[in-house]
Each structure stands twice: as C-alpha cells, then as structure tokens.
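Look at the two complexes coming up: subunit A is in both, with subunit B in one and subunit C in the other.
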Partner chain A sequence: MMATTTSIEPVKAGPARKGPRDDTRLALLFILPALIGFGVFLVWPTLRGIYLSFTKFNLLTPPEFNGLDNYIRMVQDPVFWNAMKVTLYYVLLNIGFQTVLALVIAVMMQRLTQRTWLRGIVLTPFLVSNVVAAMVFLWILDYQLGIGNTILASVGLDRIPFLSDSAWVIPTIAFINVWRHVGYTALLIFAGLQTIPDSVYEAGRIDGASEVRMFRSITVPLLRPILSLVLIITVVGSFQVFDTVAIATKGGPVDSSRVLQYYIYDVAFGRFQFGYASAMSVALLAVLVIITFIQYRLTRAESSDLA
Partner chain B sequence: MITFRQRIRTAAVAVLTFSALTACGGSSGSGNDAIEYWLWDSAQQPGYQKCADAFEKANPGLRIHISQYGWDAYWSKLTAGFIADTAPDVFTDHLSKFAQYVDLKVLRPLDDLGPTSDIQDGDYQEGLAELWKGQDGKRYGAPKDWDTIAMFYDGAALKAAGVDPAELQSLTWNPQDGGTFEKLVAHLTIDAKGVRGDEPGFDKSNVKTHGLASEGSGGGGWGQTQWSAFTGSAGWQATDKNPWGTRFNLDQPELQDTLSWYFGLVQKGYMASYEEIGGANAIGTDKQIQSGTAAMGLSGSWMISTFSKLTDAGGKKLDIGIAPTPIGPTGKRASMFNGLADSVTTLSKQPENSAKWVKFLSDEECQNIIGQSGVVFPARPAGTELAIAFNKNERKLDVTPFTQQVEEKTTFLFPVTTNAADIAALMAPRFDAVYIGSSPITSLTKLNGQLNDLFKVAQ
Partner chain C sequence: MTTDTTPPVATALPTLIRREPAPPEPHRLNFGRVLAWTFMILVILVSLFPFYWMLRTALSSNNALYAGSDNLLPVQTSGGGFERVFGLQTGQEAIDAGGAGQAINFWRYLFNSVVVSTLITVGQVFFSAMAAYAFARLQWRHREKVFAFFLAGLMIPAIFTLLPNFVLIKQLGLVDTLLGIALPTMFMTPFAVFFLRQFFLGISREVEEAALMDGASKVRVFFRLILPMSVAPITTLAILTYIAAWNEYFWALMVSYTDKSRVLTVALGVFKSQTPQTGPDWSGLMAATLVAALPMLLLFMLFAKRIVNSIGFSGIK
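Presenting the complex of A and B:
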C-alpha cells in the first residue's frame, strides 16, 4: 500500500565512528535513577500483583495461597465478561473517534495555520482533570436540569438520558473522553507531521496533487510510525478508563458502564477481595500485551518509510 | 444507588469526595496525642464538638480531634486508613459495615476495654445495643442514636390538592390496588398541563410533580428509605434470622408482589424514574420536594433537620409536615429500625483513652447534648425525649410519626449479615434493573440463589 511514495532519497547515515568508546558504565549511571523508579514502582508491584492473584487476600490479614481459584472464578464470572465487553466497546468508540478527529485537527493545524495560540486552545481540554471534566459533563447532560437537555427540549427534541440509559451511557463516556484527549492526541500527531519534509509536499504540488490526494499518499504513509505509537499509547490508556465512570455513572445503569478497571477497583477496595481483583488485573495486563503486540506488528511501528 | 443515611448527594461534594480520596493517607489530625474521631454527617459535627469540649473538661490531659468526611469518602478513607495505619482511634460505625470490620479484625471488642466493659443493653432503646454484638457475642459498638422511616410532605402541595393532612395519618396500602395510599399519590401527581394523576386525560409520560419521591432502587441498603416500609408492613423479612442470617427471602411473593406494585408506580407516572432522579448520582427526597418534582416522599429521621430547613426558589421556608408510613396488608405499619454506634479500632495507640471517649459518647450527658441539638434521636430514652421536645419547640414540628413506630413496636431491624459488601454489590445492579424496568421482578429469585451461594462458599 505504501510502495507508491518512496520517491524520497534515503537519508545517509553519518560515518561510523572508528574504535567505538565503551560508554556502558556511563550509560548505566544515567539510566540508574529511572531504573530504580521502574523497578520499585512498576516491576515489583507487577510481580507482587501476579503473586497476589494466586491468593485469597483481604488487604488486612496475610494472603493465603489458593492456586488457580481466582482464575477459575474469573472465567465463570458473568460480570467480568460483561465488563470486558463493555470496556472493548468503549475502547472501539473512544479510539475510533479520537484518532480520526485528532488526525483531522493535526492536519488542519499543519496545513492551514501554524499559530501557537491555536495549538494552545486545542490542548486546553487536556488541562482539565478527568474528574472535573466528568463532573461538568454530568451537569451539562443531566436528564432534567442539564443545559444540554434543556437545549434539546427547547428545539423540540426529546430529552436524552445520556448518563442514565444503558444504550447511551458508553457512547457518552467515550465522547467525554474524546473531548478531553483529542487535543493531546492531535498535538502528538502534529509533532509527527512536522517530521515530514516540506519538499515532499512541494513535489506533490508540482505534480498537481490535491490536498486530499497528498493527505492519502504522503501524510498518512509517512506518519505511520508516529500514528502507530500514538495508537498504542491511547489504546492502553483507553482500556484503563476509570475516573469518568466512577464520577458519572458508578458502573450503572445496572452493569452497562461497569468497565473492567471500575469492577477491579470495586472488588478490591469495596469488597476487600484483593486476590480476585489482582487476577482480573493480570487478565487486563495480558489483554493489553497481546493487543499492543498485534498493533506493533500490524503497523510495522519499528520501521519508518522516511529513513 | 446506595441510599444510606446522610449520604450527601450534591455534585459539588462528589468533587470533594474525590479530592479527599486522592489526598488519603494524610496525617491524622492536628494534635499529637489527641484522640482522633471520625463521623460522616456534617449536621452532627457541632453537637459532637460540644460533647468533645465537655469530655476534655472532665478529663484534663485528653483531647479529641473530630474529622468529618462525606459518606462515600468516609468509607474509602477508613479502608485506606486501616491499610496504611492512619485510621482514627474511634469512628462512627454503620450496621451494614461493622460485620465486615469484625471479620477483618480491625475493631476492638469494647468488653475488653475498661471504661466500656460495663455498658448495659438496658440503658438504650430496646434492641439497639444487641445489634452491635458480633457473632462471637462481643460488643463492637456503643449505641449513639437510632432512626426510623416516615413520610415527609409539602404542605402547599396538599393544600392545592385539597387534602387534609390528617388523612395522611391513617393511609393504607396493598399490593393489588395500592389502597388509599396510592389514591393519594395519584391525586398529588400533576402532569405538565395541570391534570392530576387520578383525572381523565392525565399524561403519565409528561409529569411535572410526582406524588411520591424516589430514592432509587434501594438495592444497596435493603430499601431502607425506598420500599422497606412496604415490604415490612407486608410481613416480609430479608433473612431467615436477624442478625447473622444466612438464607435470603428475595424469592418470596410478599417481597416480589410488593416491589412489583412499588416500582409499578414509576410506569404509572406517580413516582420519578431512574433517569429523572439522575441515575447513579441521584437526588434525594428532600431535593425532589424542594424543586417541586415530588409532593411527598419517604425518608429517615436523620433528615428532619434538612427537611425543616428547605426553602423555595425565593428563599421562603417550605411548609414541611411528617406522616407515618402507611398501614400494610398485615394491618400494621412498619419501619426499619437502624442505629449508629461508635467503634474503637485495633490501630488505636491509646485504646483505653479511646474507650473512655466512647463511653462518654454513649453516656447520658453527651446524648442529652445531642438530643438538644435536634439532629438525630439519641440512643438513650432521655436523650430521645429531648430531641422530640426540641423539634416541637424550636421547629414546631411533630416528630411522632418517627417515634410512634418504636412505641407501638412496629419496627424491624436492619438486616445485619456477614459479606455485606458482596451482598450490596450483587443486589444494587439487580434492583436498579427492576427499577429501570429492564429486568422482570422474577429476576430477584435468581439473585436470591446467588446470595444464598455466597454463604455456602463462605462456610
């Protein structure tokens, strides 16, 4: 698919240094602070979480090993499978709309205007905390008192129970988070766009290509590595949706917005079943690893067509 | 949809809730060796501050530091505190929670502490003190107050409907046609065009004022302020025995017929729907009456002061009255009888001093102070009398509908069980589904099996 646009001169790598110095020790020294943080805050909790998933643990008394009990329960738990389904639905809606919108905004920023204040405005929703965003939308979208529904009613439409109807709730939460994250995603993509040399577009223009054609044949293929990185980051983030649900719906109505992270939280800290919650977290980890791996391979994120 | 007492429903508080959650793990209070005491009801804080002042005067060298957090943040912070060793010395405990804490071994038996070892069951309203004994027979909480359920109504709405408030004292209901209670609810319901619920041409899909306020599905708290007054007066009990029941009765017709009628009021337009009250962030009976979307509604005695302060949009005080819960098929009325107590944590560094404070809280002097503040009914009969007098003299409010249930022994106790958090987590979504109408009432039979299984696994 991308073979049509490799008319760029490959950038020549600089001359290799002769007799390479051994920088390993210095490098390790520089890496050390980050490595300690990585070990203490990521590796150790992950390992401990995996261990706890094989135990019965209520947080306050010592964990008891119970083998695969938590995993067997998980496979048989309809709420878990429902949470998985709800989360996937959310990720699909959230990432789908967010990526397309962010791409459009980034390209518009790149091709139409380069003003800094505009970039600032695009980023503003990201500066609002998740909790505040959820609260504000909760008020705006309230069935009876929200200004959103008041406007709908004033133009003669029916009120919509955005956050209290099982069919509306996940799309609404997905939309709230698209609103919050689209600017940030757009900015990441925008940074990627700036790595595409202007000369390619000039060549395109000389050949008489339209903006749409240049977008399809130049921008998208050359943006692929950045785009796949952005996708990996946002998909992982999207799977971990929590605060919007905790504030706006608490998993309801019934189980229709009970996303995995919220269910895990509830089981761990509401019901004191840390072992089972750990097992579900491990399942989420496995799902994310698999999805990231597939994404990485499918989008060939490791190679750039610019090089 | 957990609707326990004093849950604060305004959105602003939810923000605070979250900031409190994220800020958890902070140091416990100001003083070095002050006894840290937690409660969730901001309305009760001034009263207990007075108790603390009196306690400090009587016990030189001991100091009390009181912290108040909203209902949701309260329990999250407490859990975090138990894990991180920042829990208070003494905290206000709830019947739905204490069994779990006993299992988690974070509560000290009060019998083992000097000052509280001689607490007498007979000093308190009947049945209150016994509720706070664990399955091991030990006392884990000293009774501080009690509550029952009654109906609050908007006097202006009754007047407009031409209803004499005296009629409300003798209402009856039944699961077939709802009785005189449903007739009144229908009459108080008004649609957007001004047609009443019992008049021809009533538009049930476009209701301005519902006859009965909704407090949600009640699945998280045994319908305390929702349907417990109805299931209770139909003769239904939640568990095989109380406390410490292990078999559940959600499959019985008394419950299913009652709930089918109760949630049926939504379909008739007489009671607000899940969407209308705001879904998971529902507003309570007080706000519904204040905003005019409901004419009357069931609520607990701990809400008396909130209701008595309600004002209309112009700042004018509403004319709020109280009526008892309607008489049911058993020929009697019924109300859930619930109470709070103070518990000492195992994490307390000064258990004996903490017990002294708990003893003081449960003694005559402090309970009389609380009674005179008129926010709740203290657990001791003398304190209760003071609270009744306060409401009569200061608020011109007759609170007999709450107290008569205790006098006439028409109360039943809050179902105390182990695994309470799991029960609430299973029940809340299923009851929401019945309230919303997406599951039939018979789905509760399956839920009942799940609840029973919970105890098979545990034993």
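Presenting the complex of A and C:
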C-alpha cells in the first residue's frame, strides 16, 4: 500500500490534452488494482512475516513480541535441523536428476524431431496437480498391489517399500516430482537451444566434430546462461516442496520425509505456533536468497558466450 | 500462488523462436539415432503410463485388484469407482465395493475449482494488463522506479507470504470462502505484469499515435486497440494462470475447511485420508484422480500448440 504515495504527483498539465506527455492521473488509475494486490498481498505479508517471527502468536490472541526467542528455539530444535537436512537432500536429488534428464530430453527433441506432438507429450505430466501425481504414484509404487513392485517381483527382484522406508522415501518423492516437472524444464532448455544459431553446428560438422563433441563444445557453453536461469528457477521451486509430502507420506516414516515446508505447516496449523513457524519461514527465505546469489555468481548468469 | 511448481516462464513472442519443422532429411539409420529414439520412446512411456494406469484402475473392481495386480487391462471391469466419485452409489453399496461409504460432493468441488480458477485468471490477467499498459505506454514520473519495485516482488517466494496472508484472510473474515482462496492472486503477479509489458512494448507506436490523433482517449486506445492486438499473449497467460490456479493445493488447504470452499485438489487429499478399514479404495481414488485431472488435460488438448510454444524465455538474450 505504501507504494501508492510514490505515484501521487502534482498533475502539471491539468485537463489540457495538448501535451500528452503526462498521464499521471490515468496511470494511477491503471496501476491501482495491481498496486493494491502488490502492497496488500505481497509487500505487507513479507514485512508482517518478518515481524511475526519475533513474536509469540497463536492466531487467537494478538502477537506478543518476544525478541529472538523463536530463533533461539530454532537453532536448538533437532527437528528443524533434520527438516533442513531432508530438504537439502531432496533438492539435491530432485534438481540433479531433473536437470540432467531435461537437458538430454531437450537435446534429443532438437536433434530428432521438432514437431509439437512430442513436446506436448513430454509436457503432459506438468498439466496435472502435485496432488494427482502423488496419488497415482502412491498407487503405482504400493508395496503389495502396485504395478511397480509387481514388475520388480516378476523379474525376481525384491519388492521395495518406496514410500514407507526411511531410506527410499526422499528419493521416491524426488522422482515423483521429476516426473511432473522434467518436461517443463526440458521445454525451457529446448527454447534456449533454439537460440543457438545453426551456423555454429554447421561449422562444427564441417570440421568433422561428432554429436557428442558438438554437445560438449558448442551446446553446453552456449547454453550456460539459460541453464543457470533454469537452475535458479527450479531450485527455488524445489525448496518449496510440500504437496507431494502432504499427500504421500505426511512427513513419515518418523521424520524421514519431514521437509521444512511441511514442518512449518505442521507447527502453524497443527500446534498454532505462528511465531515459530514464521521464524522458520524467514530461515527458508534466507537460505533461498543465499543460494540464488551463489548460483548467480557461480554460473555468471548475466553473461553469454554467444556475444 | 504456486507452491512447489516453478513459475511459468513464457515468451511474449513465441513465434520468433518457433520454427517450422524442417523437411525430413534423408537420415541414415545409424546406431546413435536408434538409441536416441529408444530413449525418447521410454520417456514418452514413463510420461503417459500413469494416466493409463489411473484409467485402468478406475475401471477395475477393488476386490479384483489384488489377484489381478499384474494384469495390464482392467480387472473385473466396473464403473463402480466413477459411481462412487459422482455419488451414484449408496453408502452400503460403496462399502461393499471397498469404498469409504462417505458422500463425496464431487460436483460441488468441481464448481468451487472452476469459480476460484476463473476469479484468479480473469482478475489477474485483466489487472496485470492494465498495469502493464501503464508501465509500457503511459508517461508518468517514477514509472521506472515503481516498475523496478514490482520486479523485485518476483524475488519473494510465494511460500513466504502464505502464513501472513492466511492471518490477513482470517482477519478479513474470509477463511473457508472461495473469495478468500482467490483474493491474494486476483490482482496481479509480478510475472504477469512483466510478461504483458514486454509484449505491449513491442506493439508499434504508429497505430496508437494515429488513434490518438483521431481524438481517441488513452483508455479507449487500451480497450479498443491494445487489448484486441494482444489476444494471443493474453490467452497464453490466461491458460497458464488457469492451470496454476487449478492445481494449487497448499494455499487452498490452509483456507478451506468445509465443503463450502473445498476445491478439487484439497478434496482429493480428504478422499485419500478416508481410507476404509479394508485398505485404500484404489479404484475410487484413481477414478477421482482422473476426473480431477481431466479438465486440465482437455484444456491442454485444445491449446496444446499454444501452450507448448509459449514456454521459453522472455527478455533473456
């Protein structure tokens, strides 16, 4: 809301239509709804979230300022640190598999056929919700009845308790989300590949370079800025994993899939400790900002080798 | 808005990147190509198999799923799963068939999902378009500063605003209402403003100047000229917004408590948690899952080309 004041400027020209250079009044009208939405549901909650992290707040009585209590509790909370660890492990697996697979799919799509149907099929899982994805894999990977385990058993392997074993649960959730998002990521990379001029590949071919060689020496370096942007977007998304856990495991077995966002939800809505939940949200935000910053610096996202 | 989905990044000028499929070159059938196609076919299978499996399970009888777990076709074909979803079975019938026997108010949830997604899409796209026009075409002081401020909003992960927004929605007395679910994303997202501004900047100024010369007001130019000329990117943005709103779970889960405001994603989660003592009602669950996913799959079939081609980058060199 506070941003509105910045645009209320004295209208110089008055009602005169001659100088169409100043549209302040009209502009204010045009950006007003967006500005309200921006202020009320983005800026204000961000500030309020930070404020609430310094309070004791159970939603029924007004928040009470309690200084750093929530943060001290957080640092000493083993469940928080476990949640942080589980989340990082998840992000690592999820982003690792997803990026490599998406890159391969994108390159294949570019080299094999650029027709829309193939991209359409690859994108299909992205069209359903995380809830739907979690439900169908809960069934496919069911220990007794799931087709996944039935196939494992029929080829003589042991059945795997994908979602009920503490060692398997995070890799499985990572896989489910790769299934849903890999096509989207591949299409982003595919769009990036389209910006590499054909002439570069032609030159490579004339020099007798193999496909693998061209991938390593042309595609990867020229794709770097786009790849790093894709990484920044997907990593930030990956840290916010919640839906799949809420549907498929509820954080279990024990705490082995209790990702940070699920723990925050649990503390806020299960125990009504909104102050502590807000403090953990701030911690997550800080982690995201730091990781984005490091990624940006490491991958030099702002500069392209194509220039 | 979205929780663990990545924000839709789309280009304002999809046609620039899209290329017509090249005429089939005379490819030698070499080992590499066979390997590559094998890989792609595997990717296609993994992408689509779960959809088939939903259908196969939904059309099977619960009692036969155990014995027929290795059967790739529906076992003891029955429409019972769908009947339970649409509330066509009585409680006792449903329990006998392995269901939970509780009424599922499917049409209500479908209605709620449609209302919420429509409110979000119409509001967000329209208000973002207005703001984008002000940022792209109107002359006013501090324009660039305010726009930079908007862009900074892109940095705030949606997840961070959820708890405080819930507190706000509660204070407004909108918990467990459809408006409460829609409100936070109904006005704008920084991405939508950015996306449309990019497109408006690309529209030729000459047409606009001509209309202004003829005495049209800027409001009229926006509604009669800019909006009609931007049907393509606006449609793309609207479809992407609709899909994201339809699939949202976390925020809807926070705000809705009863059937009054329960949307399909939340209802699916509730349905799943009503597991009968005999074990999950997989046939009913898969029927519900398929039915919940179907509207977006149909939308995708209608607009596949547009959606697929819209995914790319804007403003990135």
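The rule is simple: the second predicted complex is superposed on the first by the 268 of 307 C-alpha atoms of A that agree within 3 Å, B and C clash if a C-alpha of one lies under 4 Å from a C-alpha of the other, contacts with A are read in each partner's own complex, and residues count from 1 in each chain.
By our rule, a residue touches a chain if its C-beta (ideal position, glycine included) is under 8 Å from a C-beta of that chain, and two chains touch if they have at least 3 such contacts.
Only a predicted model underlies this, so the values are computations on that prediction, with no experimental measurement involved.
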Which of subunit B and subunit C A:119 touches, first, second, both or neither: second
Touching partner for A:131 - first (subunit B), second (subunit C), both, neither: both
Which of subunit B and subunit C A:58 touches, first, second, both or neither: first
First (subunit B), second (subunit C), both or neither touched by A:255: first
Which of subunit B and subunit C A:89 touches, first, second, both or neither: neither
Touched partner set for A:296, first subunit B, second subunit C, both or neither: neither
Which partner reaches more residues of subunit A (counting touched residues only), subunit B or subunit C: C
Touched partner set for A:215, first subunit B, second subunit C, both or neither: neither
Partner chain(s) touched by A:166 [first = subunit B, second = subunit C, both, neither]: first
Which of subunit B and subunit C A:139 touches, first, second, both or neither: both
Doubly contacted subunit A residues - partners subunit C and subunit B: 59, 131-132, 135, 138-139, 142, 144, 243, 246-247, 269
Contacting residues of subunit B [partner subunit A, same complex]: 1, 11, 14-15, 18, 76, 79, 82-83, 100, 103-106, 274-276, 278-281, 293, 421-422, 425, 429-430, 432-433, 436, 438-439
For the subunit A and subunit B complex, residues of the former touching the latter: 58-61, 131-132, 135, 138-139, 142-144, 161, 163-166, 243, 246-255, 258, 266-267, 269-272
Touching residues on subunit A, where the partner in the complex is subunit C: 3, 6-7, 9, 20-24, 26-28, 30-31, 33-38, 40-46, 48-49, 52, 59, 104-105, 108-109, 111-116, 118-125, 127-133, 135-140, 142, 144-147, 150, 154, 177, 179, 181, 183-185, 187-188, 191-192, 194-195, 211, 225-226, 229, 233-234, 236-244, 246-247, 261, 264-265, 268-269, 274, 277-278, 281-282, 284-285, 288-289, 292, 304, 306
Subunit C to subunit A touching residues, read off their complex: 2-7, 9, 11, 17-19, 21-22, 32-33, 36-37, 39-40, 43-44, 46-48, 50-51, 53-54, 57, 65-66, 69-70, 123, 127-128, 130-131, 133-135, 138-143, 145-146, 149-150, 153, 155-161, 163-165, 167-168, 170, 183-188, 190, 193, 212, 218-219, 222, 243, 246-250, 253-254, 265, 268-269, 272, 282, 285-286, 289, 292-293, 296-297, 299-300, 304-305, 307-309, 311-313, 316-317
